[in-house]
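As structure tokens, here come the structures.
In what follows, chain A forms one complex with chain B and a second complex with chain C.
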Partner chain A sequence: MKWSRRVIKYMIEGLFTLSGGVTSLVILLIVVFLFKEGMGLFTNPAVEKGYALCVNAANPTGSLDARVVKQIFDGEITTWEEVSEGKMTGPIALFRFNEIFSRYTEEELGEDYALLSPRLQEVVAGTPGIIAFLPEEYLPPGQEVVKRLRAGNITPGSFFTGGEWQPTVAPAPRFGVLPLILGTIWVSLFAIVLALVPGLGVAIYLSELAGARARGWLKPTIELLAGIPSVVYGFFGLVVLVPFIQKLFSLPVGESALAGSVVLAIMALPTIITIAEDAIRGVPRALREASLALGATHWQTIYRVIIPHASSGITAAAVLGIGRAVGETMAVLMVTGNAAVMPRSLFEPVRTIPATIAAELGEAPAGGAHYQALFLLGCILFVITMVINLSAEFIASRGQGKGVGA
Partner chain B sequence: MIETKHVDFYYSSFHALKNISMMMEERTVTALIGPSGCGKSTFLRLFNRMNDLIDDTRVSGECLIDGEDIYSKSVAVDELRKRVGMVFQKPNPFPKSIFENVAYGLRVNGTRDRSFIARRVEDSLRAAALWEEVKDKLRESAFALSGGQQQRLCIARALAVSPSVLLMDEPASALDPISTSKIEELIASLKQDYTIVIVTHNMQQAARVSDKTGFFMMGELVEFGDTKKIFSDPVNEQTRNYVNGRFG
Partner chain C sequence: MNRKMKQALAFATFRLLGVLVVGVLFSILGFIIYNGAGVINWKFLSASPEEGMSAGGIFPAIVGTLWLIAGSIAIAFPIGVMSGIYIHEYLGNRWIVKVIRVMTNNLGGIPSIVFGLFGMALFVHAFGFGDSILAGSFTLGLLVLPLIIRTTEEALKAIPDTYRAGSYALGAGKLQTIFRVTLPVALPNIITGLILSIGRVSGETAPILFTVAAYFLPRLPSGIFDQVMALPYHLYVIATSGTDIEASRPMAYGTALVLVMIVFMMNLLATVSRLRLGKKTKMD
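Presenting the complex of A and B:
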């Protein structure tokens, strides 16, 4: 009897230890997976995978920067003088792969496109100023007339400081995450600015002013607010808030950073209220009594003693509110308009990191540069939220030294 | 002068104080003694209406300070608390500097005059026998002080708003013997200017510092009289047992 009980005890203990270990391991693996996939981005060529840029063999240009390639294909750079430091002259002749079908008839390209490569070679050889964007599969074989440009890899510098997020542009997609990072921070920070004053007000009301009855129904209501699925907030924002903002500020579109901030502010309120209220309730009774016993009024006690004492907890509440806002996906995706541009005002559409991942991962080919760039965005988000949580913890722990000394 | 006439006090349905009538003269020290839960702290907290902070309490009878019923509707509680200072069982300085702790009562009073505040702070710290120890570190945190110093700081803080009455709720129970004797000396010197009511568990302390002593039990004032008489020749049998340490 006794030993069987002991065996069961060991088994249960082992089970708990195992589940704890497995959970930690899974979380660790997810992080490792995230970073492994994301870091792969920088081994990608700047030009879309499977494609190559070719020039006439007489062209001395050996390689082109990804940014320059984009400008060339956008028509912003039109002569070789601008890119080759005088080694090559004349206008740039753009050639995209599908143009071959307008230059040659199907018969000329042969059965099953067997003659496609030689035809491409003809085109490249016949145009000295050409730059051609071709699939590697059909790359012309003649090394003496066609030269393949060396394309550098996507660099961390262009990724983190690039101002353009155009992941599906050919031939050189642009992965500049700065607009997304700034969009995220912009929307989240303004959300906290909006949420902090009412949140703090409610926390003070709940902990200091509300009677037992008001508290009894208000507190569960606020906690309920935290449990509403974010898509519902997004729906509310889309149907109510977006048209309202559009009308109020007479904007062309209501989907804007402001709409995102307001929705996030509402979503961050329960977090802020709950944590700030805990902090205020945590102020020792002795301090309250000391202040009141000196003839301070309730309000004087609140703003001279209680709020200063709870300030670290209140700051932690704000920081955790930001953390909640930064990671929020669905509601923001629905109301911010999702334009991946540098945020310039609150009334323009912006796009956040989570919204980008959610919107684009489905259409990014697995293993491709776009796919890896989205994973790297996930890594950035992970780092941002980790920093936020750690700083909240740090702020809260620093405040614990403020107890009443005996 | 503090006077209570037939005071009853209830925590919801619990009858905590029963028909207490008592008179405490000006510039005397009155000690309130009795076993835990006898109502002596509740009684003390009547005089600055600290019991108001607890929900669902009720008081009846008259509670007079200088002839004025402090539970009448016309009394502003925060004004009353400026006249009736309190020192708590555990030192409870604010997480502020030593100077700001003492200046707090003046500041919430609306005093702006810096030199006046500085003078009051010094006077109060001197009156609490703490000035010499802290005069060079007024800007340091109050938590840097020892427990005994913190308690004297709390006394100085209460004195700064110039009360006429000082309520002390076991002011030395959290302190070591040396700090305790300093507090007791302090009480003896403060007696010249203030009416002091002190709750204490320590019988020797009551005997040493007080002029009058009231013995409470189960919410009733069992005996009240000169301290010497209470400790040497009490009328009531329960009082005799208690002061001789037979229970409590």
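Presenting the complex of A and C:
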């Protein structure tokens, strides 16, 4: 062989080798990028970046919890007694940065707002009970009259166990993923409950009862339906299902967890049917014939012999169906109403993790806390689906060993 | 109740379920076709959206989707086929194959929105492609990679080892065997996988949301660094957030039908290619 041909051969085989590792590499990259961005969230201060909370220097309060800050700015907490364990008394005077423009005229603020900081200092120094939310660049000088509150970072605890998802409120945005995680599980689980029995029924019908002709066109049709884009299913849900549910249960809005579950169930059906049918057809002929030879009816054979034998494949089908439902984005986004609240019933709007990412990422400035929180949601979704897929694979592979002799 | 009756009852239930499920799935298709068929005409397919996307057509979205199909397939097809060849022809049955297969299956199971996030972080920001056809094509390409790898692997698996042995016996090397014997025989099934990937790429919305898709962009792209409109995203936009949702309903039905038609045609093509091309190189 000439050396030039040998070089080409090695180059081509090198390319093959590289391509062989590409999926592993992509998964690795996904993990690295998602987690790198997502973990950045916990380096963010609990108060919006670039801003600070200030109090009068006479105020002994050193730091405030993010939740308390929100309650203060929402007007739910109005006196210092409630937050400072008796060290500070009197009513809380809220001060937001833009209020400075109504307190002082333009001349008093100086040319190019040069006097802005001193004026802010006057305000803070003159009001003992003040809590001021100010941009860092205009932070008033003078440690002896103005004290900056220490704000801790966003903590994993507040992220994973927090019950409120309000990523854009000022001064302290709230990143609690519990409602989103529960919403995702709520919608997906109910979808599988809806889809499992019909899906299994169709799988049994296709593999045991349908004639060759019926099977011949049903099977490709069902595979075709698996290929219909999710946005089309979402659109169908939006124009047909949502108004129908609203009327049927006389709800204020039809966008609800139920609508999401029904659409997801319809979308999961082809997956469940195809995999369960494969599992049922994989049952060795000898088992079936032995059962029939013992005098069992076809139906007895199905539920005593075939279904138990195919159970791991059927379980895998259900698990993979859940996996598809958990990660489904567009259809859910279009029909569930997207209210980031704890799910309480099937008839209220909920919001899932994928829908949150799709709806909010476009508006979150790159690199900010909100952006990083959405990446962390992506990490959670990645981990959930990874666990689901791996367990489906494990369940399915456990069933493969079962032969006639076993 | 005797066992014959139980059987009759059970089977009747299954038949009913079968009819019910198929009925639901078909009524969805029927609904889209019934409402969309009246909208589709030459103008709808060849004009830009007008009057706040409630009139005109979807031409820019069709062109955008074609760009994305071409881009993502150009990226995923060669890599996927080479990967399939490497796994089946070079690794054979070693333990590493199991690892790679688990990885490939898992990549296929990752939700498309996660691909969107990843594509945005890597291609749009880290590589600096911006919102562009290039970034979108890479993201979609990675999404369909597992599908192409799997179909290639299956296609190669279906070829009897006698073909390879015969080639080696005639003195051909490994690469020659792959390019002259194995690949040509496997081609129909690989093409089937390719066509199915096209169907998949054309309908995905979540991965392109933050990597390429434009809300409204009537002019056509001039290069791979341009943003484009795309059919699935366009449907999402006019179904949920157009300026006049009610008025743009017909447009939405039409767009949905076009998407369904693409999937239909791709499945039909895949079946045809499997049958037609398969006949020429019949193996047993």
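Here are a few things to note about the model shown:
The definition used in the following text is that the second predicted complex is superposed on the first by the 391 of 406 C-alpha atoms of A that agree within 3 Å, B and C clash if a C-alpha of one lies under 4 Å from a C-alpha of the other, contacts with A are read in each partner's own complex, and residues count from 1 in each chain.
Operating definition for what follows: a residue touches a chain if its C-beta (ideal position, glycine included) is under 8 Å from a C-beta of that chain, and two chains touch if they have at least 3 such contacts.
Quick caveat, the model's predicted, so the values are computed rather than measured.
Within the superposed three-chain model, A:Thr297 lies in touch with chain B and with chain C [touch as defined at top]. A simple residue count on chain A separates chain B from chain C, and the partner touching more is C. In the overlay built on the shared chain, the residue A:Leu15 is in contact with chain C alone; chain B does not reach it. Judged by the touch definition given at the top, the superposed model places A:Glu289 against chain B, while chain C stays out of reach. With both structures placed on the common chain, the touch criterion links A:Ala114 to neither chain B nor chain C. With both structures placed on the common chain, the touch criterion links A:Pro308 to chain B but leaves chain C unconnected. In the overlay built on the shared chain, the residue A:Ala212 is in contact with chain B alone; chain C does not reach it. When the two complexes are overlaid on their common chain A, residue A:Asn389 makes contact with chain C while staying clear of chain B. Across the two superposed structures, the residue set of chain A contacted by chain B and also by chain C is 297, 300.
Within the complex formed with chain C, the chain A residues making contact are 9, 12-13, 15-24, 26-27, 29-30, 33-34, 37, 197-199, 201-202, 204-206, 208-210, 218, 220-225, 227-236, 238-240, 266, 269-270, 273, 297-300, 302-303, 320, 323, 326-330, 334, 354, 357-358, 361-362, 366, 374-375, 378, 381-382, 385-386, 388-390, 393.
Within the complex formed with chain A, the chain C residues making contact are 3-4, 6-7, 10-11, 13-15, 17-18, 20-22, 24-25, 28-29, 31-32, 79-80, 82-83, 85-87, 90-91, 99-100, 102-107, 109-114, 116-118, 120-122, 125-126, 142, 145-146, 149, 173, 175, 196, 199-200, 202-206, 209-210, 232-233, 235-236, 239-240, 249, 252, 256, 259-260, 263-264, 266-267, 271. Across the complex, chain B meets chain A through its residues 48, 50, 53, 55, 78-82, 85-86, 88, 90-95, 104-105, 107-109, 143, 147, 150, 154, 157-158, 161, 174. Residue ranges on chain A touching chain B, taken from their complex, read 212, 284, 286-297, 300, 304-305, 308-309, 402, 404-406.
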